[in-house]
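Okay, so subunit A shows up in both of these, paired with subunit B first and subunit C after.
And then the complex of A and B:
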């Protein structure tokens, strides 16, 4: 378990705090919504309710991560967010296509939702138009994906943050700050087995010690990419859920844990893991958990 | 070619591969560069050095080096296996039959001067460890390329007294011809360059035409790669201007001119400008050769 010599930033978005020394704030969980196919709003409503209830009970903060795959999904998904998420609850928008990103930003601005929005994400594929749009409509928080196609090691991830690995004009952190983002989360970019998959975890303490920024990743993606696990379907589900434990164990601040449907398994698991981390870091490093930490909430 | 050729990297495509959980392939960028050089009519083609700037191209793969903002030396520099060989093999498959291939190594002094040394605190030792690693790469490369070029731009700023030994560490008993490329103003070190253990000297004679006078004052027995179009200027030199430049150089070097080339790598030029410069260079070469 870790404690960092570098001052650790804690960023708040609509009452959810992310970052800090391990053991201080609970791990924040992002649950994916509408990852595949047509958005199923009724199903999403049901699972979001479960996730948020679990959050209230355990003290583990959860944030829905809305995938927007097509332009025609923008309006209905944003309307869904307005109507079905608790007032002021933060959410992230997870979009790949730059044109959809730009249109979504405009809609979020019109609906006055940017103060609750986490932009997922900035990476080496950022376009000039996207940067201009982000300067105009700047969400409260951003996830910067430290994917370096030239070097998957923790150092390679720092390289892309520092200078874009010579694929972008400037480093990704410079780009994010130049846009006007003050609250930056780093995603250590989990890769498939065989492509240095462990580096996404190893990079968490390295990046936190280097920058003090809140750091995490979607480590469960490595499980999805472990094709051999398809022969063990029961174990695969367990491994997928359990993989998220590695993030707080490596000092990380948040996990993109996969589909929101997994919340019932992941939220208590991470609450349990956070309690372990907190007990040790308070005993050894003197880091006190905040009042709403699962350790305070669940251990009476 | 000296080394690099500009290509446009589609970073969105790179990220799409990441999101679709596919490995990012670089071969299309190498192919793009090679096609540009071949289409321009170049007869000694490089791999375009598309993967990285010329420092990181090597330090990314050497033990003891880590790359963050710059290359940092954090342990003994060690060779862990072929660095550029796979790309050269790929390029060879793309080349027409009569087109030759040049393997380019970034020189040990330039690698040293471009790195932040957190380990050796002994510049000479670091240089020689880089040279030993590059020697191993050269041994691999010589089986697959027609010429090996060593790129040492930092020699024009400072020529260490052990410079020739460094280069010899890499070149001795190699089976293919070798070239030393030093861009910048080399006027102060021309006599020493004449003693370097390589077959060909390559300099930026177009950006620094006064070098012709210096070489005239200090004749050397090396063959010459004549920089004939600038790599730091987007102006495209007309064919007649290049021909005049070569003719002037011939008055000094005579038959020793065995290659005409850009002054330096073309990485920083726009693609269309780099291509047109190469095309004009080829036409000028044809005129000089009576074709």
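And then the complex of A and C:
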């Protein structure tokens, strides 16, 4: 459990705060809403309701992360967000295809949803068209992925943030700020086992001390890619859920924990972990947890 | 020949050591005939492509690379692999004309890529899902009985320059130090 010398930024999006010294704000959890084939909105609605109820009960903030993989799904998914998420609740959009990113931005702007949107994400593959589109329609917050294909160490991650590691003209932080983003989250890019997977965790305190920016990652991806765990299906689920604990332990601010269906397991687990972190950091560093922190909410 | 023969590891199945075909699977549930050399899925347009290059050139008997199934959305890993074979990389290590999001080859030397281009012929079956068609293409390649390319090429990973040796007992990283309570600060402050 850490405390940082560098001033730690806290960013708010529609009432959810991300960042700060460990123990002050609860870890924010992003639950993935993935649709295989045609979107099953009834199922998504059910799981989102469960996740948001758990948030209210525990104090651990949750944000749905919508994966949009086809142009024809943009409108239905955004309509679903408008109708089914609580008024003003933040959400993120996770899109790989650059053309879909651009169309989605336009739709979000038309529906006046950009103030609730976290753009997931900017990385070294950002195109000029995407940058232009983001300048025109700038979401409230962005996740910048510090993936460096050459160097997966914390230094390599800092290199892409700082100067683009010759993959982009400028550093990713410069690009994000140049677009107009003021609220920047860093994703330390968890890679597969065998690809320096532990660096995603080690990079959290390094990046927080370097920039003071809210930092996290999708560490559960490492579990998904640990094929040997398929021989231990019961343990695999436990490992997948438990992997998220490492993020607050390393001083991180948020976790992309995988499918929203896992919320019932992950949300209480992270509330528990945040209580441990908060107890220590208040005792030794004098960091007071905010009023809605799980420690205040759950410990009577 | 066991899977250890392929030095870069990965999610693949090694079959016949003297088989002349490697099969790249893109979003497809397909098991090639057991007389191919190796087969496995491709997911990413950078690290995934690098592994395919390194693992195929390490077995000189592999002369065909059959790429089948539907390309990975956004990543366009299959098309990026084809672009690497056709065009190589530019001065920034980007695969020339690759359509993927982050198509960079950072861990292989140019020689390895040249060897890949010379040793292997690529058979583009992107968009093909039918087992019969893929089986037939594999059978045609096998009939050609291509000779071995010669010596294996064992690609060495280009090491990042950032590895450091620290003497601090509580060192987390070269940029930061941690005191006994867990207070982090920049090294040298």
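By definition in this document, the second predicted complex is superposed on the first by the 298 of 300 C-alpha atoms of A that agree within 3 Å, B and C clash if a C-alpha of one lies under 4 Å from a C-alpha of the other, contacts with A are read in each partner's own complex, and residues count from 1 in each chain.
In this text, a contact is a pair of C-beta atoms (placed from the backbone, for glycine too) under 8 Å apart; a residue touches a chain by one contact, two chains touch by 3 or more.
Only a predicted model underlies this, so the values are computations on that prediction, with no experimental measurement involved.
Aligning the two structures on subunit A places subunit B and subunit C in clashing positions. Once the two complexes are overlaid on the shared chain, A:162 sits against subunit B while remaining clear of subunit C. When both complexes are overlaid on chain A, the residue A:3 reaches subunit C alone and has no touch with subunit B. Of the two partner chains, subunit B is the only one that A:189 touches; subunit C does not reach it.
Applying the stated contact rule after C-alpha superposition, one finds that A:150 touches each of subunit B and subunit C. Residue contacts after overlaying the shared chain place A:299 against neither subunit B nor subunit C. Once chain A of one complex is fitted onto chain A of the other, the partner contacts of A:96 extend to both subunit B and subunit C. In the superposition on chain A, contact is made by A:124 with both subunit B and subunit C.
When the shared chain is aligned, subunit C comes close enough to touch A:69, but subunit B does not. Number of subunit A residues touched is higher for C, counting subunit B against subunit C. Steric collision with subunit B, judged by C-alpha atoms after aligning on chain A, is confined to one stretch of subunit C among 1-9, 55-63, 109-117 or 127-135, namely 109-117. Across the two superposed structures, the residue set of subunit A contacted by subunit B and also by subunit C is 96, 98, 123-125, 147, 149-151, 153, 155-156, 158, 166-167, 192, 195. Within the complex formed with subunit B, the subunit A residues making contact are 96, 98, 123-127, 145, 147, 149-151, 153, 155-156, 158-159, 162-163, 166-168, 171, 189, 192, 195, 221, 224-225. For subunit C in complex with subunit A, the residues that touch the partner chain are 9, 11, 46-47, 73-75, 92-94, 100-107, 158, 160-163, 172-176, 178, 181-186, 189. The residues of subunit B lying in touch with subunit A in their complex are 9, 11-19, 21, 23-24, 51-53, 56, 60, 66-69. Residues 1-6, 69, 95-98, 123-125, 147-156, 158, 166-167, 191-192, 194-195, 202, 205-206, 208-210, 227, 251, 280, 284-285 of subunit A are the ones that touch subunit C when the two sit in their complex.
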